[in-house]
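The following pair of complexes shares a single chain, chain A, combined with chain B in the former and chain C in the latter.
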Partner chain A sequence: MKTRLGTLKTYGIIYLQFIKNCFIAQMEYRTNFILGIAVEIAYLLSKLLYVVVVYKSDLHIGDIPPDGILMFVGTYTMMTGLYSGLFFTNFVRISDYVRTGELDLLMVKPISLQFMVSLRYIDLGMPIPNLAAGITMVSIGWSALGITVTAYHLFLFALYLLSALVITYCLMIIPAILSFWFVNTGGLAGIFYAIWDANNMPMPIYPRLIQRIGVYVLPFLVITNFAPLSVMERLDGGLMLWGALVPILLLVCVRLIWRKAIKNYSSASG
Partner chain B sequence: MKEAIKVEQLAKSFTYYTKEVGVINSLKNLIYRKSLTKQAVKDITFSIAKGEMVAFLGPNGAGKTTTLKMLSGILHPTSGSLSVLGFKPYERKKEFKKRFAIVMGQKSQLWADLPAAESILLNRYIYQVEEQTYKRTLDELVELLDVKHVLNVQVRRLSLGERMKMELIAALIHKPELLFLDEPTIGLDVITQQRVREFLTHYNKHHKTTIILTSHYMKDVEDLCKRTLIINDGRLVFDGNLNQVHSAVNETKIVKLKFSHSVEASRLEPFGSVRQTDGFAATLEITKEQIQPISRELLDLFPIEDITIEEKPIEEVIVSLYNRTQPV
Partner chain C sequence: MSIYPKYIRVFKLGVQASMEYRLDFAFSLISAFFPIMIQYYIWTAVYGRGSDQFFGYTYGEMILYTIVAAIVTKIVTTHMDHVIASDIKDGALNKYLVQPASYFGLKLFTLLGQKLFFFTVMLAVLFLVIFYFGGRYAIRIPLVNLVCFVAAMALSLILNFLISYTISAIAFWLSEISYFFEMTGLLVIILSGGVFPIEVFGRTVSSLLSYLPFKYTIYFPSNVINGKLVMSEITEGLLMQIFWIGVMFLVSKLVWRIGFKKYLGLGG
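Entry: the complex of A and B
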């Protein structure tokens, strides 16, 4: 136990170093930093048009009113911010590491290669607009629906957000890991981005079969649905348990695939 | 002397495929690809003692870097056995990784947008080096490589030589027992090459670090390593002191002549292979057994002002070794 805590501390310190290094590197290119935020704001505004349409047309999805839909869109926006800030930059580089053999120098470090490769770069600018807008939308929706702010509700929301973060990591890294076999997996990554974007509305909008697949097979729908559904008290016991278990199951699967992938690494010449 | 590395019958093969030029062939390739296998390393056997400094020489594609990558655990061997510092490298154990370092001349472990000092500090945390030890080691390395003034400069603004020195510091900050260097002087100017060589000699002497080096520069090998392993076409063709290469494989000597009057090339041809002539000077390649009688004959027959007999340049001897696929 003591050793595990020690290891966790070491990784925590290294992750802080990653954040520090990324901050210093990004501050070197101020214009790019500000432009990145501006582009993300423009992208966000286009997404917010959905919200305008939802309110104007008084759209109800199942029995979820526009204020409820706002909570889903808000959660989706927050998760997009977290994904772009914590994972995206790392995942797109993995196939390059494989193709150019850059992985060689990372592989010889005495820490987890998966940790090093998948969490080393943190984008500190891009997530700001998404996180700010996401939190605002969730707060407005939460308040408009009259959901009481209790420690239990906050805990539930945070738990399913954490679960969503782990699921995001596990699902979105899959195309990158497959590059160990197929080298270039940009096509598959494109499909995953499209599925990700299909997640910005509550899942009752989809037919039951798609919902089943999206919750149990490729659990993208858990990412933005479970946190708002939990505080709206629309998640039954089975789904609540599934929402807590699925990130653990996925982490184990990704870990196993990663190990197999690394064995398959053939480096590059030179 | 204890062994740092022991390799027996080590082999590595890769699968790959070829594609003919053109769009039609690309389409064919989409449907069917013929897999081919390349044997990059073929059953090589050697051992290296602790504290030794050994060079791997060989032409491009000979299997040097593949061997180095197997020794450092980057690649899994296809067959054979290897032990490095008592570990099986391909198991990639953390304890093993803490005890060696690798520097590749064509790849960087430094963050390009940050000063090298930040990447070196990150390595301190990764290798869990005590703060006092870290400071002491950093000071020593910075002093030896004379890079104090550029430690806080963004890596992408450094010259190639300065960057390589920083790579060495980042690799040595945890005081590894074993250092792999893959073409560490590639692209560096002559003075910087010399500085890097001096540093490596000093470091090996004072820290007893085992150093394995691959290089295309003969000077690296001559200056740094008493022992050289020459690999060609995946096979080990020579293992020994570079000076022994001459006696082992070289059967000819170079005779340089200067004449007081012009001599036609055709008159020299019966005495040996004429490498170069301009009438007043000529260079001949003559077998070792014939060197005495032929020299005498040349002195008798031609208006010779000066004659020198030399060994063939080491580079040429190595090239002749590269053409071999069997051990000497």
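Entry: the complex of A and C
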């Protein structure tokens, strides 16, 4: 147990080092840093159009009023920010590592290869607009719905956000891992981004079959629905448990797929 | 046509290049399906609450707009701004400058060639969709609208190319371009009505957009086919497309002439 904790601490220190390195690198190219933020603002605008439609048409989904929908859109925006900041850059690079044989060099480093490859780059600029807008929307929705701010509610929300982060990692890395077998997985990644956007709206808007698939088969819908649903007290016990278990199950699956993928690595043109 | 054999040549090369990535194309078709699905459920929920008109569209018109606009967006977005901008930035433009052909013509005909295959497949998909949904929501689409739609699409492809071509000239002045054109591309799609019909933006913005070329690339063709526009509006729209093609052609020439004075030909 003690060594386990020691390892965890070491990885924590390495991760902080990653953040520091990325910060230094990004401050060197400040124009790029600012343009990255501008791009995210453009994406954000296109998502905010949905909010405009929701309020202008006074959309109710089941018995969720527009303010409630805003909480879901807010959570979705926050998660998009976290994804773009923590994972996106890394996952895009994985297929390059495989294609160019650059992975050889990373493989010999004395830390976990998956950790190194999938978490090394952190973008500190891109998530800013999404995180700011997302937190604002969640707060507005939260107070407009009159949900009391208790430690329990905050804990629930944070717990399901954390679970969402792990699920995001596991699902979005899949197209990247598949590049060990297929050279071009850009098309598949495009499909995953498109499915990701289904989270833009609360899941009760979809028919039951899509909801089931989105919760139990490819758990995309867990990512942004469970946190707001839990504080609105609309999640039953079974779903609450499922929301906490999915990330663990997925992590194990991804780890197994990763091992298989590495065995398949051919070190081309290295 | 045979006066321009070189352009026909690059046109054919464009056709061949587009056939190379069929799987990618299939994937991009599938990923176009998801936003349509999301918006379909949103609009179904919106119209399910009684009122039969939102933003001036009936339910059927809105659903058809959503589907058609998504497909039209896929057809007209060119990514040419990316390609051209990096040509400017890394000096690849040099090799075109010494060729006895215009860069503009080469890019235009490559694009048309590349899009020919997509265009045909997409049109086929679109017509299937229209016949299915037109029947379902009792929207009758006269044959003349279909013909006008094909014309509007062709014009919109050229207009969109001219817009991209003009915007990409900014690369003459910018030192860093990687993110910039992703942002402009997205903004152009939003302003063109590729996400939602421009009425959603409110009266002020949508009347402002009437003075700009963007809405004639996605918004206009989509409304030709969903039966929202009457014949006189369609004719007017087609004329406006031609007008904007003329204007944007002149603007792009001007911007490129000024830009070239800044051109360094780095790299090459």
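Convention: the second predicted complex is superposed on the first by the 269 of 270 C-alpha atoms of A that agree within 3 Å, B and C clash if a C-alpha of one lies under 4 Å from a C-alpha of the other, contacts with A are read in each partner's own complex, and residues count from 1 in each chain.
The definition used in the following text is that a residue touches a chain if its C-beta (ideal position, glycine included) is under 8 Å from a C-beta of that chain, and two chains touch if they have at least 3 such contacts.
Remember, predicted model here, so these are calculated numbers, not experimental data.
Asks: Would you sort A:Lys109 into first (chain B), second (chain C), both or neither based on which partner it touches?
Replies: first
Asks: Check the contacts made with chain A and report whether chain B or chain C touches more of its residues.
Replies: Touched residues of chain A are more numerous for C.
Asks: Check the residue A:Gly101 against both partner chains and state whether it touches chain B (first), chain C (second), both, or neither.
Replies: In the superposed model, A:Gly101 contacts chain B only, not chain C.
Asks: With the two complexes superposed on chain A, say which partner A:Ile24 touches: chain B (first), chain C (second), both, or neither.
Replies: first
Asks: Going by the contact rule set out at the top, does A:Glu233 touch chain B (first), chain C (second), both, or neither?
Replies: A:Glu233 contacts neither chain B nor chain C.
Asks: In the superposed arrangement, does A:Ala194 touch chain B (first), chain C (second), both or neither?
Replies: second
Asks: With both complexes superposed on chain A, which partner does A:His60 reach: first (chain B), second (chain C), both or neither?
Replies: second
Asks: Taking the superposition as given, does A:Lys263 touch the first partner, chain B, the second, chain C, both, or neither?
Replies: first
Asks: Now for A:Leu49: first (chain B), second (chain C), both, or neither, which partner does it touch?
Replies: second
Asks: Using the superposition on A, tell me which residues of chain A are in contact with chain B and, in the other complex, with chain C.
Replies: Residues 29, which sit in both footprints.
Asks: What residues on chain A touch chain C, complex-wise?
Replies: On the chain A side, the touching residues are 29, 31-32, 35-36, 38-39, 41-43, 45-46, 49-50, 52-53, 56-61, 184, 186-188, 190-191, 193-195, 197-198, 200-201, 205-207.
Asks: List the residues on chain A that touch chain B in their complex, please.
Replies: Residues 10, 13-14, 17-18, 20-21, 24-25, 28-29, 101-102, 104-105, 107-111, 263, 265-267, 269-270.
Asks: Residue numbers of chain B touching chain A in their complex, please.
Replies: Spelled out, the residues of chain B in touch with chain A are 14, 61, 65, 69, 72-76, 92, 94-95, 97-98, 100-102, 104, 106-109, 111, 113-114, 118-119, 121-122, 125-128, 154.
Asks: Which bits of chain C are touching chain A when the two form their complex?
Replies: Answer in residue numbers: 23-24, 26-28, 30-35, 37-38, 41-42, 45-46, 49, 54-55, 175-176, 178-180, 182-183, 186-187, 189-190, 195-196, 200-201.
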